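Notes follow the structure.
For clarity, chains are labelled A, B, C and D in written order, and residue numbers in each chain start from 1.
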């Protein structure tokens, strides 16, 4: 039974260990998941296990309703948020959640990260959205499930697409990022943290710093992701 | 005689070395202690010994009045503060004192660290208290003993419990943290430093940043420490 | 055919790997080139290849019009900027482009880095120039070629020499640096990043900090680069 | 002849390598010297040699007038400043000069570092002095010799003793530190950098932060350096 998910758990394990190696989390903070669309299940870090003690066989596999289908440990306390996103966004393959310093600081400041430069525009063409904290009713209810709702409503309200903007800040909490697989989700967490630090410093140097102008946003996005893209191999 | 405390000294030694490895101290700064409630004694770092030169056998064992019961070196100059806390709080097993950068900065600024996010709320539900500097009389008197008094009075005045808030800043000095054992005390020092940095950056980004609302504080605390906790294994 | 450029590609490869080892770039960001004036060609990093996967044989060699003369991969998307600079400045041997944190922050703030101290004056005698973002027409046109034009016009307008000031910030983008060879270009990127961080902190401590006075600028420059220089061997 | 200074050169070499290992300098920045009072000579880093390429035999030995008495390389361009200090302060054994980030930032801001906490008071009881930049006449003259004069005049004007305050900032330049030997001078450079960062952060958190009160300054100094000191072994 376990062997069915062996590769998925390995992918998830390695992405989680990257999170720690890259300095985006300490202790037991954060979690990464990887989905297998064929079986309708995803692998996720077990709850409260330090990265130093984590093994590939500890990874838990759950379905889109967060019911465990493989593994002996309790899955991450954020599992229902992952489940909600996988259910609603059927084109993503991995999700990462970190407590990276600058990303968390912007989330705690409850501010979108303005697009100030081409490092940002190489990856997305809008400000990085910060979803507001939930209402007290939603917090008291199915909290982690409702966190997923909060993310979707933020994207709907701001009219941005999750395939173009693969990251979000949750107000007072921290970042969630996603991508075609778990490694890409972790990659996006590192981009978010780098951009968050650069934007922080930019505003310290010049509180009146201007957002990148539209022509430059378009140019940097198109040369990397447009139909005539010439970035990469 | 020394062998009686061998394990205690080993625990204390390893926790001290962690302090250094984690970048919370440099040179001879800081100290960690570990208590053995059965014998009424605790092990602590010797005074002024660089971490690079510290050996497990150098650890000093003292009683709750700070009298040496084992070891040839002079104990940490902060020993009486540890002794006072062990005497008054009979449910703690270890204490750590660091000069970690962001923790010290908040202590020097003489400000409580506001609870801005869930990273903070996962560990405690109040602001991290900063005890004011002592009166000149207390400083000129039994200084390190009085430092313990200062911590207890701060907790009494703010009506917070040392089992719920396992950390404090001493105004103009730095942090003390504690826990069920020495390793947990060091763990709490790392949490404090991470939260101190995030709170610093939050206020730099948004000087009007709001404290985490009560419903979110309660939710994050309860899911990790409440009676229906579902965080961890 | 490839062997003709073997040494040039090796120099370019090693300089690129330095960029990554020194923490000036992450992932696939940035690029370094090295020119061979005899053959009128320069070697440059291939586009979008992570440093971890880069090999010396992946390096691409192009002429001053950015046409590939050796190599199977697509050259860096910034190749035309390098080409323009090599064509116009026939006395430089290498160019580096990074996304180093503090350098990018100043570029995003669209501000020159003021000369505040001798660390800066040991390397150049003027503020580090920040070229303004291009007009929309130039962006929509031959963007990377026009980036080269933007740099030259900035130097012309500010009346500074590229042999005396071997670095520039591109507004909203990041730094370009150059030198007698690729290693010197990378060296200049590290100097720029160090100076950018020091200047940032200086203004945080003292927003009214004064530029270094002319006599000190002259002294530090002359003792290192003047006709009676006594710095170095 | 060279063997006479072999041990002195070894001490100087190791202290210089520590400077680099501790992250206080990059490339060829900074220098450490060690004096031999018996022969009236001191060993110092050669000028402009990268730490990666430095060997013990490269160290230059000069007398108090900066004339080379041993070694084939040109001594540090700051040699005359060291010579002046050794000549005037006959109780110091080593001097270090760095370009450490936070120390330089305070020097560029031309501000004394206020004594905000016990980390500072454990080492000295006054603000860390920042000497103003020299007059244009002194700069144009015997610059490095005059830098020594500038340091002595700063201490005289502020009525502080070089045996109690083993560090100074040179306005727009950076820190010089000293001590009983070269290793202690380097130790003082690390203390200065740590205190400089903490003071910077303190003022960012609380621009109205108060200096440590006199009773605490006295207490922390006395327990470590007073006649009834009980810190250390």
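Descriptive notes on the structure:
Heads up, the rule we're going with is that contacts are C-beta pairs under 8 Å (C-beta built on N, C-alpha and C of every residue); 3 or more make two chains touch, one makes a residue touch a chain.
Fair warning: this is a prediction, and the values are worked out from it, not measured in the lab.
Shared numbers divided by all numbers used gives the overlap of an interface; between chain C and chain D this overlap falls below half, so the copies present different residues. Using mean Cα coordinates as chain centres, the one most removed from chain A is D. With centres taken as mean Cα positions, chain C sits 33 Å from chain A.
For chain B, residues that reach two or more other chains under the stated contact definition are 204. Because contacts link each chain to exactly two others and close back on themselves, their graph is best described as a ring.
Across the assembly, chains come into contact as A-B, A-C, B-D, C-D.
Listing the residues of chain C that touch chain D in their complex gives 116-119, 187, 190-191, 194, 197-199, 201-202, 204-206, 209-210, 212-213, 215-216, 219, 223-224, 230-233.
Across the complex, chain D is touched by residues 26-29, 46-49, 73-74, 77, 99, 101-102, 104-111, 133-134, 136, 139-140, 143, 172-174, 200, 203-204 of chain B.
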